[in-house]
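One chain, chain A, appears in both complexes that follow, with chain B as partner in the first and chain C in the second.
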Partner chain A sequence: MFYQTRLRTITLILALGFLAVYASFGSYFAREIVIEITILAILAISLDFCAGFGGMVSLCHGAIMGISAYAFSIMSVKLGLPSVPSAMIGLMAAVVFSGLVGWVTARTSGIFFIMATLAFGQMAYTFFFKSRWLGGDDGMGGIDRFNLSWLGVDMNDALVFALFGVAVLLLVYVIAAILLRSGFGRILSGIHSNENRMQAVGINTANHKAMAMAASGLMAGIAGILAAQHTLYISPELLIWTVSGEVLLVVILGGIGTLIGPVVGAIMLVMLKHELSNYTDYWHMVVGMVLIFAVLAGGRGIFGQIEYWLITRHSPKTPHLPPAKEKDLA
Partner chain B sequence: MDASFWLLQFLNAMQYSMLLFLLSIGLTVIFGLMHFVNLAHASLYMLGAYFGISVSALTGQFWLAFILSPIIVTLIGAILYYTLIDRMRAAGPMNQVLVTFGLIFVILDLVRLGWGDIALGLDAPDALAHTVSFWGISYPAYRLFIIALGLTIMISMWVVLARTQIGAMIRASVENADMAASLGIHVGRLFFVVFCFGCALAGLAGVAAAPIFSATTTMGITILIPTLIVVVIGGLGSLEGAIAGSLIIGFLETFGAVLLPSLSAVLTYILLAVILVLRPQGLIPARG
Partner chain C sequence: MLEVKHLSKDFGGITVIRDLSFTVNAGERRVILGPNGAGKTTLFHLLTGVEKASSGSISFAGKNISKMNAVERARVGIARSYQKNNLFEHLTIRENLMLAAAAATGKSRWFFRDVINQADMKTRIEETAEQVALTDQLDLMVSAVSYGNRRQLEVGLALATKPALLLMDEPTSGVGPAMIDTFHQLLETLPRDITILIIEHDMDLAFSIADRITVLNFGEKVFEGTPEDTRGNPTVRQIYLGGGDGTYGATNDHA
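Up next, the complex of A and B:
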């Protein structure tokens, strides 16, 4: 069950404030980092929505993001549509793909779900990798950002684009929070805790899981549009399964099932990556060890652990947050 | 497309299937027995190739590398078992996927540190470095050796699993570990032995593949997906499933690439989707 506690609100304000300040007063490089963080954070929120609250640990979120980025680019570059309708079509493509994946995999759980999503993600990756019309592994360029000149701002300015990214991140967080607090979100949490019981109550759990994947796909699609407009170039690299694995890493690092944790995790990972790559070419190893440590330490993640400490301090006997371990997935 | 074309493609498909089999059998039995998802299994395959190249370069002996490399990989597997894998067994699939995903990153960078980013080759041993001509085609002897090796291991594993006492113990533990333990089988030790054996086969597959594909830092990640698909299609935990799965994927990918080049990339995934929808437990699951 999702609660927008005061701690979460404060953390959200601090995180978004930090990103906005870092972009405003930092160099061009800092602004690039901020936009990178927002893209990863949006994708991580999207994954936390289905993995942390619906128990659907997807390894195809990179692919969902990439499909949206590709559909957007096909519409705007190949077919010459304006960027806003193209983005809508991009989002629709992501929703349809993830909804279909959710529908096909609705009856699988645990490791079968993980492997199935992995395979569907790789299917999309292979499709774009082999597609000559879309540039194959060279990818495609010539993408334009949204034209917001009627607002008097130039999206090609790094600061404007970074702040736009922060605003989109806030929007996605609000969408996810509203969905999770609605009846739909409660049913989703119910399915996560005990799917059989929800079926016994008369809920069509397969439909709800597919819808949750579709909603998650919408958010991942938003990250995809942002990613395409950020680099103005897309390649199949966006869809490869290790991208999805890295997003899962972000969710775990920040705190699965907390919604704000993934934002914290994204900030940590991108910062860590950039700091490490100043010193060593082998930052993957450090990230891998951090991940192993995070899981061995209990799997609550940074924000999740802090939240757990604060709650158990106030009421040492009855922590009302469920433990982070995924017992139902086995 | 005459008979020699079909024969050539058949041999290519067999050779790829055998490599997939060597990898997937370890993965599937470890999963069936221990309910552990080891994404790093393919990283052990990569280590097998690199250690094979190093041993061969140091000693000049291909066959020494062929034997030593799986042993080194098994030792690494044993260390992993006692440091990580044993304590992750009850942690649920998500945590297992995460920890072994972290391991992939760590092993990848260790390989880059040790051997660098350049692709390394390994020459086939002199005895097998020629091509064999028969039935109107000529085919590299080393690739025929791979096929023979895979078939030998396939048959001997079938004999061990179906006809020996340790095979019966393994089958009983896959079926019901608690019941097997109460009948006096030391399930924990069995897990360890099977895990080490799976690692040895992964290392063997690595060193066997090195003369055909050169060793690169991405070889583990590239082979992981087809291997997982073999395991899911075949059914987790069963030898027959791994055999059927690796033959299906090996032939589908090889013949798909020559007969339906435009579709070949997604054929495997379509098959996987169909299997997941119609028969989620796989074609020949270990438990009925």
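Up next, the complex of A and C:
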């Protein structure tokens, strides 16, 4: 069950602050890293929402992101719609797709759920890969960023766009946190804990899980729009299942079921990747070892493990954050 | 309140409930007795819609609910506690009760507002905790409380939905004498606007709280009456104590 504890709020402020400072005072390359981190972190929050709190370990979140990116690009490039309505349609496409995946797969669980989502993701990937109208495996370009000149800022500036990404990451975190603290989110955690009992007290758990997948799809969709506007070009590579796998890795690395953990995980993975690739082509091995260590250390992930230490230091019998400590998001 | 007519259930070729009919009045405390394998828990599965009956009908509050699924039946006010603990593990007792109460009051569709600190919910959670004597344990994890407390919570989860009909499947299974007294008290203090069907093996408890007792054996109703009548009934005595005169064996061919 989710609580926006003080520790999580502090970690969120530190993480976002770090990204903003790193982008502001870093090189062009640093700004690219920041935007890469924000996209990955948003997608990881989206996955943690359904996997960490609803028990739905999806392997199609890359595809959901890609569908949003494609729908957005089709609307703006092929049909010439302005970027904001195009983005809305992109998000709707992501919500519909993930809601459909959720609806179909809600009665399965565990390995069957994972395989079913993988199948959906691969179907979407194949569709875009084969589509000549959308450029097939060459992808499509000609995408524009949001026009924020009325605010006096130029989105084509790397710093502005990086800070925009950080702001969107904050927005997605707040959306996820509010949903998880609501009656809807509480019941979702209840389903994760004991689906059978949740039905016995009158919850249609299949519908509820489908709605949770749709909500998760909205967040993944936001990552997709950001990804399309970042590179101004999209290709079916966004939808490959390894993208979903990498997001799952980020969630586990940071701490599944903590919401802020995935943000920490995204920062760590991207930074590690860029730092290590200066020294070796085998940076994946180092990341792999970090992941194995994180899993062996209790599976709580990096943030999750630190949080666990801090809590159990005070009350060893109840590894749980009491609601009294909760600070309202507002 | 609850009307069961000619209810039957087969699993493959085995008949677990056979042509069972009975009526429970509003506010009644009805105890279901029967040896292991008599079909008591299966009867609860049929009443809550977890299993579909092979034939027969179930009416609740004047409505035929035979075709409803488990979720719909929970929503019309039928709640159940389980013989084996079926709780929300890894959560606190407060969160457990909150989940049941939120589910029963349609708060699963609250997308923005929290339900834990909401006034109505708070009262309901605390009221239920008091009913099942868990007030002091509210903020403990389920894994941190005793088995007896978990049995109390098992009933609490059903009560938090404010049911009209409460089905209790052996609430005292596996608990000690002191805890049985706690349940005795709980059952006596529950308001009469809750109708209760209870499967209970502790005879003292069963006979003291029951208005009427229904005895099942091999899926059939073999007796129904007041506790006094039940105590004196030779068939019931035979089922529970075993009869050496062969009369019971004559009905044993159902197995």
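Simple rule for what comes next: the second predicted complex is superposed on the first by the 320 of 330 C-alpha atoms of A that agree within 3 Å, B and C clash if a C-alpha of one lies under 4 Å from a C-alpha of the other, contacts with A are read in each partner's own complex, and residues count from 1 in each chain.
Rule of thumb we're sticking to: a contact is a pair of C-beta atoms (placed from the backbone, for glycine too) under 8 Å apart; a residue touches a chain by one contact, two chains touch by 3 or more.
No experiment lies behind these values; they were computed from the predicted model shown.
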Original post:
Does the superposition put A:Asn204 against chain B (first), chain C (second), both, or neither?
Top reply: second
**OP:** Applying the touch criterion given at the start, work out whether A:Ile114 contacts chain B, chain C, both or neither, answering first, second, both or neither.
**Re:** first
Original post:
For A:Met123, is the partner it touches chain B (first), chain C (second), both, or none of the two (neither)?
Top reply: first
Subject >> Partner chain(s) touched by A:Met289 [first = chain B, second = chain C, both, neither] >> reply: first
Original post:
In the superposed arrangement, which partner chain does A:His274 touch: chain B (first), chain C (second), both, or neither?
Top reply: neither
Original post:
Taking the superposition as given, does A:Phe184 touch the first partner, chain B, the second, chain C, both, or neither?
Top reply: second
Original post:
For chain A, which side has the bigger count of touched residues, chain B or chain C?
Top reply: B
Subject >> chain B residues touching chain A - in the complex, by the definition given at the top >> reply: 31, 35, 37, 84, 87-88, 91-95, 97-99, 101-106, 108-110, 112-113, 221, 225, 228-229, 231-232, 265-266, 269-270, 272-273, 276-277, 280
**OP:** Flag every residue of chain A that touches chain C in the complex, lowest number first.
**Re:** 1, 178-179, 181-184, 186-187, 189-190, 193-194, 196-204, 208, 317-320, 322-323
Subject >> Complex interface listing, chain C residues touching chain A >> reply: 48, 50, 70-71, 74-75, 79-80, 86-92, 94-95, 98-100, 102-104, 107-117, 139-141, 144, 157-158, 160-161
Original post:
Any idea which chain A residues touch chain B in the complex?
Top reply: 51, 57, 59, 104-105, 107-108, 110-112, 114-116, 118-120, 122-123, 126-127, 129-130, 241-242, 245, 248-249, 252, 281-282, 284-285, 287-292, 295-296, 299, 325-327, 329-330
